[in-house]
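A short worksheet on the structure shown next.
Chain lettering (A, B, C and D) follows the sequence in which the chains are written, and residue indices restart at 1 in each chain.
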Amino acid sequence: MTGVIVLNGGSSSGKTSVARCLQTLLPGPWLVLGVDTLIDALPAAGAGVDFADDGGVSVDAGFRSVEAAWNTGIAAMVRAGARVVIDDVFLGGAASQRRLRTAFDGLDVLWVGVRCDAAVAAEREAARGDRVTGMAATQADLVHRGVTYDLEVDTTHTETMECAKAIAARV
Amino acid sequence: MTGVIVLNGGSSSGKTSVARCLQTLLPGPWLVLGVDTLIDALPAAGAGVDFADDGGVSVDAGFRSVEAAWNTGIAAMVRAGARVVIDDVFLGGAASQRRLRTAFDGLDVLWVGVRCDAAVAAEREAARGDRVTGMAATQADLVHRGVTYDLEVDTTHTETMECAKAIAARV
Amino acid sequence: MTGVIVLNGGSSSGKTSVARCLQTLLPGPWLVLGVDTLIDALPAAGAGVDFADDGGVSVDAGFRSVEAAWNTGIAAMVRAGARVVIDDVFLGGAASQRRLRTAFDGLDVLWVGVRCDAAVAAEREAARGDRVTGMAATQADLVHRGVTYDLEVDTTHTETMECAKAIAARV
Amino acid sequence: MTGVIVLNGGSSSGKTSVARCLQTLLPGPWLVLGVDTLIDALPAAGAGVDFADDGGVSVDAGFRSVEAAWNTGIAAMVRAGARVVIDDVFLGGAASQRRLRTAFDGLDVLWVGVRCDAAVAAEREAARGDRVTGMAATQADLVHRGVTYDLEVDTTHTETMECAKAIAARV
């Protein structure tokens, strides 16, 4: 039985909305946890994440270390009976997926790519009014490089809820 | 070495501000995770938490089950090297502490009571503009019943940062 | 020259996203002000707005009085040179529009209906995780009763940005 | 009868909390409107406000123009019967006050300085986890230069609600 759904997509691709839709479709409570949850939990200063003015995001070794412990903890939650939707951004593409595969070893994981055309994602980013712009365009393709999926959805022309239904059908 | 600091206090007692101050005082990154993080991660409907109009909060067995898995996961994060400030509300008083003691068995935990005079907490709640009012007054004493602490701070007349410094000195 | 764009639609119809898209499309700065801005500015208690558990929203005479002053102020901003997108919910249908027509007398207003199928709006509401559910379904048709528009858009199957472009073309 | 209370203070001085406390103390609904309300209403890009990495904030002529229309609108709201607490940051000190005096000409305004020791404000800023740090220290004294008040409060050692009570007593 699937215990983890990993949604990987760039900023403003619609991952979080898909995740929230999944919660309304799937039976029983599913937790939505993501890299944003981790960043919010970290100190505002010294968290090891740097958002450049051009939309680039870089993380240091300190962040990688905390992230590894975080993922180990999520795996333990799932082994203890929780079901979790991971809302993630694979800045390192295939390398990011490898790290997560290691952390989630032995768990039944559904890997989902959430794609969105870079130009449309950039429009959504502008409309959301995020103060850091450029992430949507920068990440749109980058995060999918070398990543393998069980399923891919594309929010460019498909409603969020329809994307979520396609995913839910595979759980 | 302390790996977990548990802050327990009623709504509007100032726990979260104390937790954020602790992050600026303690060396290395500490994660702030709390019952609010869990509630945000759960589905909006069907999470098993009910906020009554009078400020009462009740949770059902489904929530307790997810919460147990959540705490197991946090313990695993700490064993994997993360350090965590838990921002909690012991609605069940001593019984809540027992559950957490079981989940955190073997970890070095600092138990901290965050007190605030009920009337002052209610004023802060009103000023914060939370749409559910009454929680501050209801929880001010309730959450401390039968709970034992390593340290207690009182935000009624003491600055948040001063409270945090007293806690940091014990870590 | 259009100085005010009034977007009227039910909760979760996508009005706010359309408004934010308009800001990225229109030349010069446009302010987005709406009933949510007013509610945020009011005291949490005693604002005269009641959100029922079934998604019904009612307002009292006190709120109507503040709202009238608010609209008078917005009209004055526009006369002083600001351009404003109003993000509104006509709970009173035609009567709400009459009140706004009076307040904006003499200004060049573009009236836009933002429609969304009730079932789709309810799905979006669920996915957004708003704690008050039911408003999307309740308001979907109600807010358009007897209202006349210069233009209507429908977000059920049309991208937010496309809806915004159709509106921008009329400004 | 006082129709406007202007609270001027640096970032993290506690102005907003004082404003929300005032709403719970004063009879009738008071609106809290501030420079943050205006910034939220503006487009994310091209609003004419620049937040430098060192905590400096600068605005351009476009912003000044919108701000003037905004203040004219608020004055009209008050003339139409609304009562408003302005939550402001006089980046230009005395020049900012002059602009507001002009906009609010003929209204009964209570001018309040909200002071906070720079070091304490900086600690609060750090604890709040704002991503832009440095504003608290930069603005603590700057915003009061050449400004005249009816009343000053200092949140360094005085509870927010006590500060609000001192202000409410003058309304």
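Keep in mind that, in the parts below, contacts are C-beta pairs under 8 Å (C-beta built on N, C-alpha and C of every residue); 3 or more make two chains touch, one makes a residue touch a chain.
Just so it is clear, the model here is predicted, and its values are computed rather than measured.
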Counting C-beta pairs in contact, which chain pair has more, A-B or B-C? A-B
Measuring between Cα centroids, what's the chain most distant from chain C? B
When the centre of a chain is set as the mean of its C-alpha atoms, what distance in Å lies between chain A and chain B? 27
If you average the CA atoms of chain B and of chain C, how far apart do the two points sit, in angstrom? 38
Among the residues of chain B, which are close enough to touch at least two other chains? 20, 23-24, 43-45, 126, 128-129
Line, ring, star, complete or other: which one describes how these chains touch? complete
Where on chain B does chain D make contact in their complex? 17, 20-21, 23-24, 120, 123-124, 126-129, 157, 159-161, 164
Can you list the residues on chain D that touch chain A in the complex? 43-45, 51, 126, 128-131, 133
Which stretch or stretches of chain B touch chain A in the complex? 20, 23-24, 29-33, 37-38, 40-48, 62, 65-66, 68-70, 72-82
